[in-house]
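Below: one structure, written as structure tokens.
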Amino acid sequence: MIRVFIVAPSALGRAGLENLLAAHQIEVAGSFSSIDELTSQLSDLAVDAILIDSTGEKFEPFLDSVIGLGLASDFSVVLLGEGASPSASAEAVRAGISAVLPNDISPDQLVAALHAAASGLLVLHPAFVPAEVNNGFSAVSRASALEELAEPLTPRENEVLQMLASGLGNKEIAAKLAISDHTVKFHVASILSKLGAATRTEAVSIGIRRGLVLL
Amino acid sequence: MAAIPGFGEIAEQLRRSTVLIHSGGRGSGSGVVWSSDGVLVTNAHVVHGSRPMVQLWDGREFEAVTQSRDSRRDLAQLRIGANNLPAAIAADSSQVRPGELAIAVGNPLGFVGALATGVIHGVGPLRRLGAQSWVQADVRLAPGNSGGPLADARGRVVGINTMVAGRLALAIPSNEVQDFLSVGPADGWLGVTLHPASIPRPGFRRRIFGFVILEVEPGSPAAQASLLAGDILLGTEEKRFSSIDDLSRALRGRGPRVLRVEFLRGDYSRLRRVTVQLGAPLSARSSVAA
Amino acid sequence: MSAELIALSNALAETTERAAASAVAVYTEARGSSSGVVWRPGVIVTAEHALRRDEDIQVTLPDGRVVAASLAGRDDSTDLAVLKCAEAASPIAASADVSAVKPGSLALVVGRTRASGPVAALGAVSLVVSERRTWTGTSLAPYIRLDVGLQPTGVGGAVLDAHGQAIGIATPRFARFGAIAVPAPTVNRVVDALLQKGRIPRGYLGVGLQPVRLPEALRQTLQRQEKTAAIVLDVEPNSPAQKAGIVIGDILVALAGHPVVRLEDIHAQLGAESIGKSLPVTFVRGGALQEASIVVAERTHGAE
């Protein structure tokens, strides 16, 4: 049985989450109305995950607090938000937050996400993940399904990928291809998206693995 | 669901025509028994390796042979050496209506023969996923459901479960499956995995199109003709290949016949020829029950 | 508290303060930051993977000022990025002999946060190997692994020895747990190369490859354990591979004496040190094993 802390601004929200979690055999070790209230009590109890519901408030300040307080480095944090943008949630995940979920997810999904976060996994909700990554089932079949459906790189994108593999920066690529910096960034973004990479280094790595980069 | 009369029998029938497919430790998927004499259909991405293992509803295990594969459509046709199998009945996927009950059978997370139900959302293309048509259903699928049947309330297969997009399950329409099975006939099987490449021609500026063989399946017509991985297929004596369609067309046909293939091996300037026997009788290729 | 402990604590704090005079915060976004070290006057070294963007790079100097810095270049094979910043004046005292570092040696990581001053982490050197290759084929010599709790803000900070001198740059890369210190000699090499050329050269063969499974019979004939290799699908005209006589369809099974199992294995042999070297390559053509020598060229792709 996992133990969690709940943070939700409204009393009704807290009650709702407490009941939901209890019904799914998740122990609620503490229930708070704000992150500040939570942090003042953190030293007392050990929990497997912290569930923070920002419903009714703006998402960004909650995200800022969580990151600023370093909560994510010590705890598995699951953030529920409405109107959380894909870029904010990507940033949240980069900052070590285990999950960013829209607040209209089903109880089953929330419980599954808490269990996953408690065991150290990241949970990505389809709404916040680029379409190209959101296909397929298992890791194995997803990889194959992705490759089946992945859009091939255009000849220009392929050229840029080879240059990324040579370690060239945007400015140099722009100069060599006689295009603008802005256009290079556009191509790089498209390459990252098509290959499902988060960084240029990753794009090169994936490109090598898939035989797209000349060696 | 049990309250619906006959649902139990329908579910059971559907389960029996669903198989578990695994290829030695790389996860598993599902498949559908398409004909009682051993033809199975699944997703191409479920089939790893040339000899996937198939487990029937009653626990019997068979080694299957991959008859044909279409990566673009993500379908594969397998054969096992068994008869009198409980085959699924395919429905006309163009007649499927939104709101209809949908039943998915598969082997999610290793549970054999699990059922999931929901409703059909529609049939048609999805903006993010290209031009092909999908049967979209609000059914909870999991890894392992891939390649299994999506059926209507009468237990007739309307699609092959292939992927999820958000909460929707996407299945390849059964009409497309029929198309795939008829156009890629069991007889047009060469037994190679190919990759297109641009081949330099000595003395010419422009390159020519060819297929590099990545893998030759043991016992296949290609293997019997002594073709090897690394060989570059350029075409038949009649026509050079300029696309994958040319190859499909060259392979099309029924019954025993020969294909005179032109290829290169380690030397761009020396054109070689080999005669490949296609359409050998099925019994010569059937696999043995485990 | 005993006198020894107080003395140790003070020494650590003083060492931190001294090193912090060469520690900066580096950031490109509205939130978050990593650390950087003034390695030479006007030159900052930071962790490559933590540097999100190539432009709009800001730096918090030891005196609190926030100034702009420009990117001289990145090297993901060592996780180092080099920035140019005229106002970053006082370089860190680097250790003259990194090979003196031993497992158990004290390691103090000093960095800087955006707005809250210096940040420090204390640990020990957990492992030292005289040389280890990263996945890109680059050598870290020595490979120094640290047992230290590295916060995101401290990534890219200076790793100090007990003398208070920098033995390297702290990063969680290239270590499954904990962190490593990218050693000072490597940092110097990379700084020189990036300041001069803006990138680290890489070796190049001129082949497009795909992974393939070897036919079982062939694998047995070759007495090879590994089941996969790489097949050549493209050979660039006038490339090292073409000059060596490699053609489309050749299946590469070994390069420079190392088996080719994945495409990354080829990539790993093509670090900067490979340029100009003649590497033996073993391949299968028409079912038979053959050998050739490829002279590795520098990867340019229109860069020169």
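As written, the chain order gives the labels A, B and C, with residue 1 at the start of each chain.
Just so we're on the same page, a residue touches a chain if its C-beta (ideal position, glycine included) is under 8 Å from a C-beta of that chain, and two chains touch if they have at least 3 such contacts.
Quantities reported herein were computed from a predicted structural model and do not represent experimental measurements.
With centres taken as mean CA coordinates, the chain nearest to the overall protein centre is A. Here the largest set of C-beta contact pairs joins the chains A-C.
One inter-chain figure worth recording: subunit A and subunit C are separated by 26 Å, centre to centre, where each centre is the mean of the chain's CA atoms. For the pair subunit B and subunit C, the distance between C-alpha centroids works out to 44 Å. Inter-chain centre distance (subunit A to subunit B, centres taken as mean C-alpha positions): 34 Å. Residue positions of subunit C touching 2 or more other chains, listed in rising order: 210, 233-234. Touching two or more other chains at once is no residue of subunit A. Listing the residues of subunit C that touch subunit B in their complex gives 210, 212-216, 231, 233-235, 237, 247-251, 284-287.
If you check the complex, the residues on subunit A that touch subunit C are 64, 67, 70, 73, 91, 94-96, 159, 162-163, 165-172, 176-177, 199-201, 204-205, 208-209, 211, 214-215.
Those residues of subunit C that touch subunit A in the complex are listed here as 29, 31-32, 48-49, 54, 71, 73-76, 151-152, 198-200, 202, 204-211, 233-234, 236, 262-264, 266-267, 270, 299-303. For subunit B in complex with subunit C, the residues that touch the partner chain are 195, 197-200, 210, 212-216, 218, 228-232, 264-268.
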